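Taking it in order: structure first as structure tokens, then the write-up.
Labels run A, B, C and D following the written order; every chain starts at residue 1.
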Amino acid sequence: MSKSDFTPNEMMTVAASRALKSEDVCFVGIGAPSAACNIARLTHAPDITLIYESGTIGTAPDVLPLSIGDGELCDTALTTVPVPEMFRYWLQGGRITIGFLGAAQLDRFGNINTTVVGDYDHPKVRLPGGGGAPEIASSSQEVYITLAQSKRSMVEKIDFYTSFGHGEGGDHRQRLGIDTKGPTLLITDLAIWKPDPATREFTVVSLHPGVTREMVQETCGWTVKFAETLEETPPPSELELATLRDLKARTEAAHKGA
Amino acid sequence: MSKSDFTPNEMMTVAASRALKSEDVCFVGIGAPSAACNIARLTHAPDITLIYESGTIGTAPDVLPLSIGDGELCDTALTTVPVPEMFRYWLQGGRITIGFLGAAQLDRFGNINTTVVGDYDHPKVRLPGGGGAPEIASSSQEVYITLAQSKRSMVEKIDFYTSFGHGEGGDHRQRLGIDTKGPTLLITDLAIWKPDPATREFTVVSLHPGVTREMVQETCGWTVKFAETLEETPPPSELELATLRDLKARTEAAHKGA
Amino acid sequence: MARFLPLSEAVAENLNDGDTVAFEGFTHLIPTAAAHEAIRQEFADLTLIRMTPDVVYDQMIGMGMAKKLVFSYAGNPGVGLLRRLRDAVENGFPRSVEIEEHSHAAMANAYEAGAAGLPCAIFRGYRGAELAKVNPNIKSIACPFTGEELAAVPALRPDVSFIHAQKADLQGNVLIEGIVGVQKEAALAARRAVVTVEELVDDFDDLHPNLCILPHWTVTAIAVVPGGAHPSYTHGYYARDNAEYLEWDKIAADREVFRAWMDENVLQAAPDDFAKRVEKLRLAR
Amino acid sequence: MARFLPLSEAVAENLNDGDTVAFEGFTHLIPTAAAHEAIRQEFADLTLIRMTPDVVYDQMIGMGMAKKLVFSYAGNPGVGLLRRLRDAVENGFPRSVEIEEHSHAAMANAYEAGAAGLPCAIFRGYRGAELAKVNPNIKSIACPFTGEELAAVPALRPDVSFIHAQKADLQGNVLIEGIVGVQKEAALAARRAVVTVEELVDDFDDLHPNLCILPHWTVTAIAVVPGGAHPSYTHGYYARDNAEYLEWDKIAADREVFRAWMDENVLQAAPDDFAKRVEKLRLAR
């Protein structure tokens, strides 16, 4: 398995995993966030605490759960608490260091829509809705977002504010009485983005190997800002890639049933 | 052991136990209420559910607990829940059919003081305070009170309204937005009292064997009302008395230590 | 006081047309058998409550039984959208469904308030979130000590809640373990609570003292239905049928395929069928 | 992240003069050893919070360490009044103590709100109860949906909470079982949480999934003190020393007898002494 032999999605997951530390307490969404958190746990952050909204605290699944409540999560957790307690003591109580979210639509300020495409009362596409995300976005100490880039998902204006990021930018969060940091990191399949310290607009700070500025712009619905000095994301190490692929293979086998 | 050979306190406990049914869910205070509830469980109401505010639900202690949180309660309970849940889901949730209270001071309308004798800010005697009683009194479907009669405990006017009974009588509870029945039964060492349907003043409906109206009045700080037809409380049966005395003997031995 | 009944009677006695009903389960312990029984009995005009409406609500909505849905996440978890729900919301097929949408935090707090006998729940939520603008049941109050604005939602008080659990004992006490979700709250918040269980045991004497137990006097009816959560799972009994969740996405995508599947697997089926559906998923015990 | 420390260091590092502190335990698991260590270290001007202040708070108040007491039931449970507390409140000896008095429901909800990060708790309480007139920290709010008036109290947020528990594992996770009281809430509501435990075990792998566990990242310091709850008890380890609670009534009745007892049993004693105090109370395991 050579280093250059990885997909953009694998790069995204690995890059996201690197942003996590052993001391973090992560509220994990399904999909790319779940893969990233578990890769972190299986590589450089063995003591990271993973929490799924089903109430499982300190879980260490051997395969990725299909849902946020698979049996594997409870079987390997330190403890499993009722869902009301999860949202009250653990999320609202300020215990989560990183809330990890995906998005159907995202804007440049990290605002997220997972509710509807089109008008709320007469939607073109009725999406699943917010679930835990509105309060994950406001009560987690920081929010990381992962997303595969496309003009359909990274839009100038989202159709519905499911989860508040930096609003219209600047100090909009503080003005609404939200005292957590909000989205501090966006990891796509092409790049790593961080909010501008003043405007809070997501700015590309690192391009994944082989990715150009043009590729980032072509798959983004707003005019992209790039940092003055752009880094290149280190490619996945052999360990990272092997860990990710083993996890995905175990997961796929498990979800297909015996 | 002959039937006439019982103390007023034993008569009180037995009479209180008779008011309880197998279907009742009792929130039990320490002392006479605890003895009465357990005698009921050990005689005519084997399926009664006893709940202590320490969180023990459906407990069946072999000896009376000294405190509301003795190990015996948890060891024999169906389940033990956190104290916040006890007050939220079980008491406030309206699940308690009978709240069983004692009193340091009681007035004719079933209002209870267990807070202070004298002025609140400069008390003559600082009593323990309300504990669970203020909300037991308002959230239980009905309240039973037990008390050994004395002019010091049954007073014209209590020094502090720890737990609300019928207030100034009549529909005072409803006027305060309390939709539970409040005190429906008072069992003393001398008599059984029930509230007058209109005024809600406690009225003697049954005298314990050998007790006269004068004895009741002499040990009560207000002018006692008697029902038109006064019954005589049946004396404790041999089973009731034996059950109570066995329980007390086991309890005394246990509390003295090994 | 809990009565032991066949599932058909437990559903018939406790569910009515027009009821507000919760079939709760948070991925784990979804009361599928009870929902299928409700479908067979053709109830109408239901207000369906659930934090995570998934396949069974997609089925009930697809069969036209729901007039309203109160929810916080309507997806086939890990798979995608609910296609029968989409057809109802986007196209009014087979009927339009009114939507009352919350966040998970709001629903969990609202069930908790229902169990606690309160009229509403308060929490720190919905800040900057647009749901607060489209749902009139999201209000706010000011903390009387700090002045902080907090979100308020009405307590959830279903007419009846259906849940699935591991065990009942002979008295009718019910044990729920593993991912317990909001089921205890949903049961205590409801006027009537109906529970399907995997098995009946003599008593709970050997259980740890702090487990999640519903005393028999909080339960209206109990039906023993082994496998009754399939394709969801029961901790300690059988695993989640993830393959069936993946398959549902194709079934629900087409109105005709959906009806045919419902006819074969629900309308022509019975509670006893669940036991064999989980046979290959049973765990070594 | 939990640090394992000798009790003297755990107390010295986490308690300060003037702190608001809870030594919580609801009859069961009272952190007596931690309270005695605080007495030996002579802290002053403490605001003591506890639902059920009993013997250890009678001792701390009798030693003049408390400037304020926040509580809901101040008695020697099943025995009688707290005589050192009475002396402080009725006679100002050895110093006067400010009183903030609540009901159990209020305190339990206030701890719960503290753990949940809320500024206040709401509940249906204090109706007709006079405490609402003498305690300015009891207010009310109107439900924005029904208009019902509900009681409101500020959340409890101690600077530090001390609790006693059964076990810690090597990572510093803590297990509480039996009558769990409000200890989880008291620990999560506090800025710092200090736990004494009966014993240290390798891990919690064999525990039931739904037990009451404080993860290591919610705990500031852990001290292993076998018997550390005596004369209270630890479910699974030793029984309540009811005889000693009965005896306390006599000791606390007299100022001189109290001081002599404190000198011998607290000031001249050490955490290690608790193990032998519970020897005769140990349960067959």
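As a working rule, contacts are C-beta pairs under 8 Å (C-beta built on N, C-alpha and C of every residue); 3 or more make two chains touch, one makes a residue touch a chain.
Bear in mind the structure is a predicted one, so any value in this text is a computation, not a measurement.
Peer 1: Taking mean CA positions as centres, which chain lies farthest from subunit A?
Peer 2: Chain B.
Peer 1: Counting C-beta pairs in contact, does B-C beat B-D or the other way around?
Peer 2: Of B-C and B-D, more C-beta pairs in contact link B-D.
Peer 1: With chain centres taken as the means of their Cα atoms, state the distance from subunit B to subunit C in Å.
Peer 2: Taking the mean C-alpha position of each chain, the two centres sit 40 Å apart.
Peer 1: Centre to centre, by mean C-alpha position, how many angstrom separate subunit A and subunit C?
Peer 2: Their C-alpha centroids are separated by 28 Å.
Peer 1: Take the average of all CA coordinates in subunit A, do the same for subunit B, and state the distance between these two points in whole angstrom.
Peer 2: Chain centroid spacing, subunit A to subunit B, equals 57 Å.
Peer 1: Among the residues of subunit C, which ones contact at least 2 other chains?
Peer 2: 112, 116-118, 123-124, 148, 178, 180, 184-185, 209-212, 235
Peer 1: Show the residues in subunit A shared as contacts by 2 or more other chains, in ascending order.
Peer 2: 74, 80-81, 88, 92, 139 - these are the residues of subunit A that touch more than one other chain.
Peer 1: Quick one: label the inter-chain contact graph as line, ring, star, complete or other.
Peer 2: other
Peer 1: Touching pairs of chains, which are they?
Peer 2: A-C, A-D, B-C, B-D, C-D
Peer 1: Which bits of subunit A are touching subunit D when the two form their complex?
Peer 2: Touching subunit D from subunit A are residues 23, 25, 47, 49, 57-58, 74-75, 77-81, 88-89, 92-95, 139.
Peer 1: Spell out the residues on subunit B that touch subunit D in their complex, using ranges where they run on.
Peer 2: 30-31, 53-56, 65-71, 73-74, 80-84, 86-88, 91-92, 115, 120-121, 123-135, 137-139, 160-164, 167, 172-173, 176-178, 254-258
Peer 1: Sort out for me which residues of subunit D touch subunit B in the complex.
Peer 2: 26-28, 51-52, 71-75, 77-79, 81-82, 85-86, 89-90, 101, 103-105, 108-109, 111-112, 123-131, 134, 148-149, 178-182, 184-185, 212, 233, 235, 239-243, 245-246, 280-281
Peer 1: Mind pulling up the subunit D residues that touch subunit C in the complex?
Peer 2: Checking each residue of subunit D against subunit C gives 116-120, 122-124, 137, 139-141, 143-146, 148, 150, 152, 154, 177-178, 180, 208-212, 235.
Peer 1: For a test of understanding, state which residues of subunit D touch subunit A in their complex under the given definition.
Peer 2: Interface residues on the subunit D side: 1, 112, 115-118, 171, 173, 184-185, 188, 204, 207, 209-213, 215, 217-218.
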